[in-house]
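What follows is a single structure, and I will ask about it in a moment.
By written order: A, B, C and D. Residues from 1 in each chain.
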Amino acid sequence: MRQHLPHPENRLTITFAAWFLGLLALTTTGARAEQPAPVKIGFVTFLTGPAAAPFGIPDHNAAELLVESLNAGQVPAPYAQVGLGGAKIEAKFLDEAGSASDVVTQFRNLAERDHVDVVVGYVSSGNCLAVTPVAEELKQLTVLDICGTPRVFEEKPRHYVFRVNPHATMDNVSTAKYALAKFKDVSVYSGINQNYAWGQDSWRDFRLVMKDLDPKATVDKELFPKLFAGEYGAEISTLLTSNAQFIHSSFYDGDLEAFIYQAAARGLPQRIPLVLTTGESSLWRLGAKVPDGTVIGARGPHTFFAHESALNVWFHKAYVDRFKEQPIYPAYDFAQSLFGLKTAWEKAQAKKGGGRPTTEEVIAAFEGISFPTPSTTVQMALGNGHQGISDTAVGTYKFDKAESRPEMVDIVRYSAACVNPPADVNSIAWLEGGMKGAKCD
Amino acid sequence: MLTAFAILTDGLVYAAYLFLIAIGLTLIFGVMRILNVTHGSFYAFGAYGSAIAVGIYFDRGFPAAGGFLLMVLVAMVIGLVLGLILERGLLRLFYGKDEVIVVLVTYAAFLILEDVIKLIWGPNSYALYQPLALAGTIDVGSLVLSGYDIGLIVFASLLAIGASFALKRTRWGHLLTVVIFDREIAAALGINVTAVYTITFVIGAMLGALGGAVMAPKIAVTLGIGVEVIVLAFAVVAIGGMGSIGGALLGALIVGECRAAAVHLVPQIELFVIYAVMALVLIFRPQGLFTRIAPRKI
Amino acid sequence: MSAILNVRELEKTFGSLIAAHNINIAVPPLQTVGIIGANGAGKTTFVNMITGHLRPTKGSIWFEGRDITGRPSREITRLGIARSFQVPQIFASLTVLENICTATAIARTTSGLIHQALTPLHSSAILADSDSALELFRIAGYRHALAATLPQGARKLLDIAMAIAGAPRVVLLDEPTSGISIEEKFDLMAVVIAALKRRGITVLFVEHDMDIVERYADRVLAFYDGTVIADGPPVETLENPRIQELISGPKLKLAVPNGRHA
Amino acid sequence: MTMVSRPVLFGALALIIVAVVALALPSWLVSLTTLAFANALVVLGLIILWRAGLVPFGQALFYAIGAYAVALIDRYGGMHDVFVLITAAAVLSAFAAFLTGFLLARYREIFFAMLSLAMSMILYGALVKTETLGSTDGFHVEAPTYLGYAPQGAMHLLVLFWLVLAFSAASALLVFLYFRSVAGALAVPVRDSEIRLEFLGVSVNGLIHLNLVISGTLAGIGGAFAALSIEHVDPNMAYWTTSGGFVFVTILAGAGSVAAAFVGSFVFEFLKSIAYDILPGTWQIFLGAVLLVTILFLPEGLGSLFGRLRQRLNLKPANVSS
């Protein structure tokens, strides 16, 4: 586990390795002798607390891996160029744990004490909402990473803030569509979601979509256990006594696993199938505990759902080789964020015919671009080109006993235009309005 | 009818959990007047320890019964080590200081231990799934109860009985009761209060770790599980009456049943039902339900 | 009638226990009343009821012609009845001067908290009053000592000095000499009684030491089992064989140093 | 007289220096200090209670009320003037403290702590439940105007900082004077003997109620400034860990002096940002260690340090210039 901790000495070795390989690459390719100044990037994610395991660590691993590989120019096309446009990436990691005031203070320090060129990160929607206005105030180029709330770009247009990863709306649109297709003529369903913004929003979105697509379906039980409650006996009894045809949940990691253990032990998922909008992140640890037939989403076409590509093969292999564990969607999310930034940076650089692009030039290049990622292709379509959308996929879980590894069957893909609101529409309004303008095929 | 039964059993299961995390806290408070925040760390260490040790044990395919014993054993060892280190190495330095200062000391220790956990076991989460499967289930109508949960209830009850027996019937228990009643008198009677403190703290630590150890099979053992436990245990202890084992039991039952009822009937209030109960109890019986205020001597 | 303190059919019961029963007393101004009785005879209960610490179950208490039955102690204090305690109630973490200054300052800001919040603690007037109080009780020597470090005698004196900072007309002393060695007792009482006489305060004091009572009391109330069984001049009251049997015991017993309440 | 005027003089001097120096400071440090001083107001309130032997584990209740008052009026009330916002926050938190005071003032020691904890957690639960306010995500607080003047960019940080500084100075002075008033001086006696106070004619519960209202108001103002400084509010501001943080800083600062609250709060924020910077994965060890060391070697808190300094200055006034 130790290498997960960004101890100073580790960061040192990483940078040394990077330099060495970088120089090697340069001499072999016989590129220009003098080094362009490195690009300083501040990476913020959960390094401590309950959110570290599910998000922070895969996030941080992907960052470590990609920064090192990019600096060494080892990433396959179209990202073969060293660092960002030939300039090495100099990474600085910060913990996202703490109150909003801590997070905002740390953001200011990154921008003005450490003078980073870009800030990439943030898992918690609350933190994304908190730093965005500060980023605008400080004119600090910022790429939000995992947080899902649509509010960031729907409350007002942003100039300095981007989010490559699609927001949470499409997760529930796609899973709802999938559930309706899978469980024929659904009339009753229940939901259990964590009692905080993420869980509340997920459940609201899911219900709105259900209302649009299956007006006769009614909600039986809707439960909101405390975040990180750990003990779900009462909730499981309630659900056991429910006559729902399936149970929606946006639980993740710790809470999801605790819920699955306790529910499975009491035969709940065997009786009523679960629809887990972000279940993918826990499958590798849960293995056979998750009963076959559970509906799984991954907040985008990641891991099981990723499109085949050289980039994906490389990323998956490099990650597993290095960390001896499977990359889960937060790792893919981070890769998308960084590749988006790299694309924009290098586009801007090319546009001005070489030389380091200014923040404004990067922003101009970033807006509206589309680019390949290990999982799929992302299009910066929403929020005046600041919010990415992509297709997504949902599947049904099946544990391969022979290989003793999780696998996904009956995968259904949904095009970006089908599960995301049109550019100028607020996502809740879109759901309430019956998802007008959705282009499904 | 079924719902009523469900509420009852769920309440009991939750109460068992609450009692397990509260008993150590209330014991330490009763004897040492320390509101011990590191109790959360004991819980976490117990959970990690049992998740790993017992996990390995079951992976080796050893007999099930031994696994459950191992849980308790792990808790004992962790409690012993952590308890001794903290009491002898740290708290000892702060005896006689303001109660709140000592709370802050344990808070500081808790912060440190949070990261120590991370340094020892890393940031990834662990799972101990075998016991739940081994314990099987009991069907009551459409309601399926986990054998492990029933086990928890029994275990907690035994612990409660054992504790009250130990306090009322054993010599050691009498010593404790004296110390709880009045430290000065205890010292005057020639009781070695320092020793009593050390032993009490270690036992409290063991109980805290035990709570974590037996909960480990039900939860994903991950960073920060201690934080949740602290306030929950505080609430239970405050409701029951600081420093009273019976109080902890009563508090656990009340909170457990209230929460279960809330989840089944009005899920909206589940989030703060515990604190509402706590506030009400404190308002009408500030000393908690089980303890009597010592009459003011003038 | 001219009694400053008037108690009628006072009764106090705790559940089935009768702590005070049918107590009738009238205390004229400037009298010094000694209250005797074995432990649990109801002396402190009586004091607590007069000073509002306990609510009587029945009966009434009149002070300067005003019915003060069941009023809260702070109100009764403001009206002019002060008290000291068997265990001195002083502010241990302040110096003696600060103790007396606090008491004086409170006495000078009777119109309540807001007034007290707007009045600075340290004023020359308060200091002057405090100093004279310390002189009066002969503890000026301890002026800057922490109250916690005071010997028992000085504690008792400080307790009483603070009690009368508000210039009361009546003061009740609960065992002023308890925990004081025989030798010191008389000096202490001498100081106290002199000071209180000087301030023109009516005194009721609870006391186990019959010599003290005999020396300083103008009148003796003998409590037994919650009721007053004797009320009269010290000498004859203490000679009364029934009193000796029930309370004081035969004279010679008094020679035995430090009493049963040590 | 000198015992009052000298600290006040030092305070005023320090104030002016800080206000001027701010012009030269990088803006991250300015905003860090703004936040630190906002929290220092809460700590100041805790010191008032601390002197009477009371430690609330739920002071975040008033902190959050102040913060949400500002945020809500700013967002839905259509009023953006900083003085309106702060006044509203102060009044509301004072009122909340007045109401809860009727209960809290009756309790002491751990029961007081736990009851205040319960109350703050109930507010937390309520805020988490209000999805219209973004639940745990909270929401953005627009930059306020200052009597019609709307500063831009870095200037807006400075102006807010100066305002916080002014409020801090005013509160510090008032609390300083309060400590020297009769009522203020009664805090320590409350700890020593409530009985004696009652029998001197003082209503101890009334006194504690007054202290609760004062500290609650300070916490509300602190929360209001914190909201304006981080431009965001969320229910976490009412969570028990937030209250714990304030107690943490109070210990660090020490109840010894008024200025301690501000120095302590600044040191805490600064240490924290250093800890985050150099030990991203293990900053809690650092904070925990700092707290332990403080309690162990500075039981009276940082305040005691410059208490000694002040003595030295009094001994050798020549040092003042150096």
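Just so it is clear, a residue touches a chain if its C-beta (ideal position, glycine included) is under 8 Å from a C-beta of that chain, and two chains touch if they have at least 3 such contacts.
Quick caveat, the model's predicted, so the values are computed rather than measured.
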Could you work out which chain's C-alpha centre is the most distant one from the centre of chain A?
C
Interface ranked first by C-beta contact pairs:
A-B
Per the C-alpha centroid definition, the whole-Å distance linking chain A and chain B comes out as 37
Please report how many Å separate the Cα centroid of chain C from that of chain D, as a whole number.
44
From the C-alpha centre of chain A to that of chain C, how far is it in Å?
77
Distance between chain B and chain D based on Cα centroids, please, to the nearest Å.
33
Would you please write down the residue numbers of chain B that are in contact with two or more other chains?
114-115, 118-119, 268, 271, 298
Hey, what residues on chain C touch two or more of the other chains?
85, 89
Within chain D, the set of residues that touch 2 or more other chains is 128-129, 195, 241, 281-284
Can you tell me which positions in chain D touch chain C when the two form their complex?
3, 177-178, 180-186, 188-189, 191-193, 195-203, 206-207, 210
Which residues, counting only chain B, touch chain D once they are in their complex?
35, 90, 93-94, 97, 99-101, 104-105, 107-112, 114-116, 118-119, 227, 231, 234-235, 238, 242, 268, 271-272, 275-276, 278-279, 282-283, 286-287, 296, 298
Once bound in the complex, which stretches of chain B touch chain A?
2-3, 6-7, 9-11, 13-14, 17, 114-115, 118-119, 121-125, 127, 129, 132-133, 135, 137, 142-146, 148-149, 215, 217-220, 222-225, 228, 259-260, 263-264, 267-268, 270-271
Mind listing the chain D positions that touch chain A in their complex?
26-28, 31-32, 35, 128-129, 131, 134-140, 153, 226, 229-234, 236-237, 241-242, 269, 272-273, 276-278, 280-284
Sort out for me which residues of chain A touch chain D in the complex.
5-8, 47-48, 93-95, 98-102, 104-106, 108-109, 111-113, 125-126, 129-130, 132-134, 137-138, 149, 151, 155, 195-198, 200-201, 204, 227
